[in-house]
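Chain lettering (A, B, C and D) follows the sequence in which the chains are written, and residue indices restart at 1 in each chain.
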Amino acid sequence: MPMICLSDFEAYAKKHLPKTTWEFFAGGADECCTRDDNLLAYKRIRFRPRVLRDMSVIDTRTILLGTEISFPVGIAPTGFHQLACSDGEKSTARAAEAMNTCYITSTYSTCTVEEIAAAAPNGFRWFQLYIHRNRALSEGLVRRAEAAGFQGLVLTADLPYVGKRRDDIRNNFQLPPHMTVKNFEGVFEGILTKEDADLAMRHGVQGIIVSNHGGRQLDGGPATIDSLIEIVDTVQDRVEVYLDGGIRTGSDVLKALALGAKCVFIGRPALWGLTYKGEEGLREVLQILHDEFRLSMALTGCQNVSEIGRNLVQFSKL
Amino acid sequence: MPMICLSDFEAYAKKHLPKTTWEFFAGGADECCTRDDNLLAYKRIRFRPRVLRDMSVIDTRTILLGTEISFPVGIAPTGFHQLACSDGEKSTARAAEAMNTCYITSTYSTCTVEEIAAAAPNGFRWFQLYIHRNRALSEGLVRRAEAAGFQGLVLTADLPYVGKRRDDIRNNFQLPPHMTVKNFEGVFEGILTKEDADLAMRHGVQGIIVSNHGGRQLDGGPATIDSLIEIVDTVQDRVEVYLDGGIRTGSDVLKALALGAKCVFIGRPALWGLTYKGEEGLREVLQILHDEFRLSMALTGCQNVSEIGRNLVQFSKL
Amino acid sequence: MPMICLSDFEAYAKKHLPKTTWEFFAGGADECCTRDDNLLAYKRIRFRPRVLRDMSVIDTRTILLGTEISFPVGIAPTGFHQLACSDGEKSTARAAEAMNTCYITSTYSTCTVEEIAAAAPNGFRWFQLYIHRNRALSEGLVRRAEAAGFQGLVLTADLPYVGKRRDDIRNNFQLPPHMTVKNFEGVFEGILTKEDADLAMRHGVQGIIVSNHGGRQLDGGPATIDSLIEIVDTVQDRVEVYLDGGIRTGSDVLKALALGAKCVFIGRPALWGLTYKGEEGLREVLQILHDEFRLSMALTGCQNVSEIGRNLVQFSKL
Amino acid sequence: MPMICLSDFEAYAKKHLPKTTWEFFAGGADECCTRDDNLLAYKRIRFRPRVLRDMSVIDTRTILLGTEISFPVGIAPTGFHQLACSDGEKSTARAAEAMNTCYITSTYSTCTVEEIAAAAPNGFRWFQLYIHRNRALSEGLVRRAEAAGFQGLVLTADLPYVGKRRDDIRNNFQLPPHMTVKNFEGVFEGILTKEDADLAMRHGVQGIIVSNHGGRQLDGGPATIDSLIEIVDTVQDRVEVYLDGGIRTGSDVLKALALGAKCVFIGRPALWGLTYKGEEGLREVLQILHDEFRLSMALTGCQNVSEIGRNLVQFSKL
């Protein structure tokens, strides 16, 4: 079966992963309203395509906190990549390096930060930290990631409570026993309101990731693309704003950028790619998103990312 | 089958109750639009979660007309609990007492108020009264409930007409012959408009329950969560406002409190719990709602119920 | 099978009528959007029920152009009743007389006006006229109906073009050969805009029926309940306004009256009743609507039709 | 099977065409949201029918850039008609000539412009041009079409990128080897925004076709009927505005004209007609649209196309 779009990878993963793992990856909190709305919200946004332009050259590159990446799609922090492929986060790191984009490594990685760094020594990586009550433990993790060349620290703001994923409880989901969980521009992850965006900036962050953890934590919260405008309007270009959640096509990426995101990050689609063929599978996922994003730029008349602005979209009449 | 959420209890009850009883419990008036909208209306409300807060301590307690309960979910008045479990309302009273919350006993109980009081002598209970044309009968009921320690009287405002539940008519639903139907802060139940809220306050009530009787009376009326704002804005903190109808998760409870309810009451979910395992089943239902409500508070940044306000929610763009 | 609601009669008719006849009765123009929206539009209207009222006496009577009827539901003009029952319009006339309501007899009746009048000599009837190019023919019809005691003339405004009902074309629908088509306050039928309402009043009508012929003529026109407000606001009580299309429950009737209709008329439900048991079947249909309408009045706090006003309803948030 | 409406032709084509060809004709970009919304958007528009008018004569004729056609429906440029019938674009030209309407011939035709002209020497035709980088090639094509009697040139504004049609990629869709791709009032095709409409007028076009290529290029763009108002309001009668996309009934045509289109063009329905019976099949498709359009005019009170204005429609409450 040729892999044409991200849904093909999803179908593959659903078919080939153990049911318990699939449901762990796919699960959302409670009734999964927010998980599903993350995707549906993109359908309510319509492009206003411009056509009378020279589209002979299209440049998808962008710059994240000073570092250039090949296109504005990175890897969001998700845990336990060895559940998807045997090489786990090492494959993820290699794919992100090969595609020249940013990989946010989760605290809940099944490879150590040193292993990840060794696997892709030239990769652009940030480290995501859940702040433990044991501050010494957190500090140790941060130092190791910094030493391993991670260039940014992503602080997850909305924990330590875990959302209620019904399937995981039913499945009594637990990691296989051999898996263990293994630093620093500051980026805050999980902001969804202007009040918290203000507070985060007062704490000196350089960027904000608009995220609801794939709808896995609080059910009934807004789709991230719906929250994006409120955050973007609040920060007024003082810090960079990113988004994760619900990205499935290149035009979703373009919509997020039109509404003010500097870059988006993919979570579940990365896991589907790893499930399909490890590093190569994830590269395919990223390549498809790259090609679709570039085509969407072409078809809406954007030569480079600086030309993508809010007048490119409108909200659907329906 | 582990019971993870209230839907699991619903599925159990549907499978194990006689069809006629299930349909009596589940039925709504006419085409069941209002019954169904009671649930759907919660999906149109979105949280605005705050995340940058210390969530090490979360307090779910609240106070109803001067009496503290462990969390803002009580038992709404529904009739004929012996259709769900052999001990009937005695089980209901014990579960509510054990969970330290309020139980509104229906006029149409299959245990006497004295039996109910004896089963859970320390429980916090109100008595719901349909006002009979025979005023002496009503007065006698009220005196007995008062003597049995009931602390509040809930007056049902919108009767004596019974909604048209098609399944009950088809089933020729009647109570088994051995069942009989068996006091006093004033609370008015069934108010859905600002005009009636004003009138109720002029009659000196201390609280108002926004209710449409689970959509069993008038089809085409508003979902209770949609009516809540109008009532809350009208009473302006002069009396407490409660709500029943459509509560299925802890985040539904949080939404109702955010829109101004002091407490919510559950009807059908209590019957499902009783059907599952009598007192123990209902305690499980209440415990799940407690845990989900506490988690929703944590994930939206509310340390206690006084921090839950209207800025916590917005209406969905869809 | 007990007949509880109008849907039961619909199911019966669908099962027992020849497919061609069922499709002729059920069919709408083109894609049937307007036919279906006639019903769906009622779901977007919500009651604002008042409950703190004395409901010991409820009076459903109303007056149509000076004649009292038992409740505000009459029989809309539909053709070919012998397709539903052997006695055809004679049964219809008897049922309407028995229920003391108004029967608008169609030009396309399969009984003569004299036969209809003889069948129910005390009935309150109007005659609906399609204006033929042959004015003498029209005039003759009107004189006969007048002589037969018909008290009103309903002029159908929007013909002689016939809507495109796909099933009828596929079925090559034709009347059985033995059926023939057989008069005077002025009422104009088929008005949907304020411009036409103004024009009709300038022609001296006493009433206007807001109608789209059950969605059988123009597909893509508004639901009649959606058009009603525009017409009511235009005529400002100078003439009476009625409505047909989409009435399936007593609460639909109440919504139409709340939005300003003096009376509603039923089309397809009358045919279903005739199909079920002739005169008796149609009486059952009318009795169900009467009882449901009366219950809806009780549950919303209306003692008589003069208390039914626009503050009784609001449009749904969805 | 009698062919009653355009859906019947669609069903026939789906059943009889090779799957690969069917999917090539039917396919939309990515998730096909825009392709499907092209149709759905018409359902959100409601007529405001006028009925009190003399409808004895109805005139469907209109004039396109000075040339009269029998009704405002032409043939949109689509490629590869030999995939639908052996005579390819020669059949298309004959059907358009017979129905006296405009046929926009695609650059990707499988007959030469000379063959097309010879097949229907009196037909009214425009030639659609994708502008090649090889300007000499384009110029040559234009000169040949002009010599063959084509009266207009349609410039396609939004290429040379091809939308991502998943089924075509899966099918590895390619033209059979024997097929080859074979000029001049100026019309710009593919405009969807007021900015581009302004720009096009500054370039001196005489008309604008509001088009999204049947949703085959950019997914997530607006339905053409939704874009129409923006364009019409911008051009203010300085140039003619046309539309393609989603036309399936005569009332769709009427809605487009009410919102300001001078004429609409059909794409896929023309291919279905050709598939059914070549020239004759396409004539049937056009005849059905003509008859439905005329009936819609009659039922809304429009005697001729000059009476069709924006007050004929409103947007649905839903």
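One rule holds in what follows: contacts are C-beta pairs under 8 Å (C-beta built on N, C-alpha and C of every residue); 3 or more make two chains touch, one makes a residue touch a chain.
These numbers were taken from a predicted model, which means no experiment stands behind them.
**Q** Applying the touch definition from the top, give me the chains sitting in contact with each of chain A and chain B.
**A** Output, common partners of chain A and chain B: nil, no chain qualifies.
**Q** Between chain A and chain C, what distance separates the C-alpha centroids? Give it in angstrom.
**A** For chain A versus chain C, the centre distance works out to 58 Å.
**Q** Quick one: chain B and chain C, Cα centre-to-centre, how many Å?
**A** 41
**Q** Would you please write down the residue numbers of chain A that are in contact with two or more other chains?
**A** Correct list: empty.
**Q** Quick one: do these chains touch in a line, a ring, a star, all-to-all (complete), or other?
**A** Contact map by chain: ring.
**Q** Once the touch criterion is applied, which pairs of chains come out as touching?
**A** Listed in label order, the chain pairs in contact are A-B, A-D, B-C, C-D.
**Q** Show me the residue ranges of chain C that touch chain D in the complex, using the header's touch definition.
**A** It comes out as residues 30-31, 33, 37, 40-41, 44, 157-158, 160-161, 163-164, 166, 169-170, 190-193, 195-196, 199-200, 217-222, 226, 315.
**Q** Which of the residues in chain C come into contact with chain B in the complex?
**A** Listed in rising order, the residues are 2, 4-5, 42-43, 45-52, 55, 249, 251, 255, 292, 295-296, 298-300, 314, 317-318.
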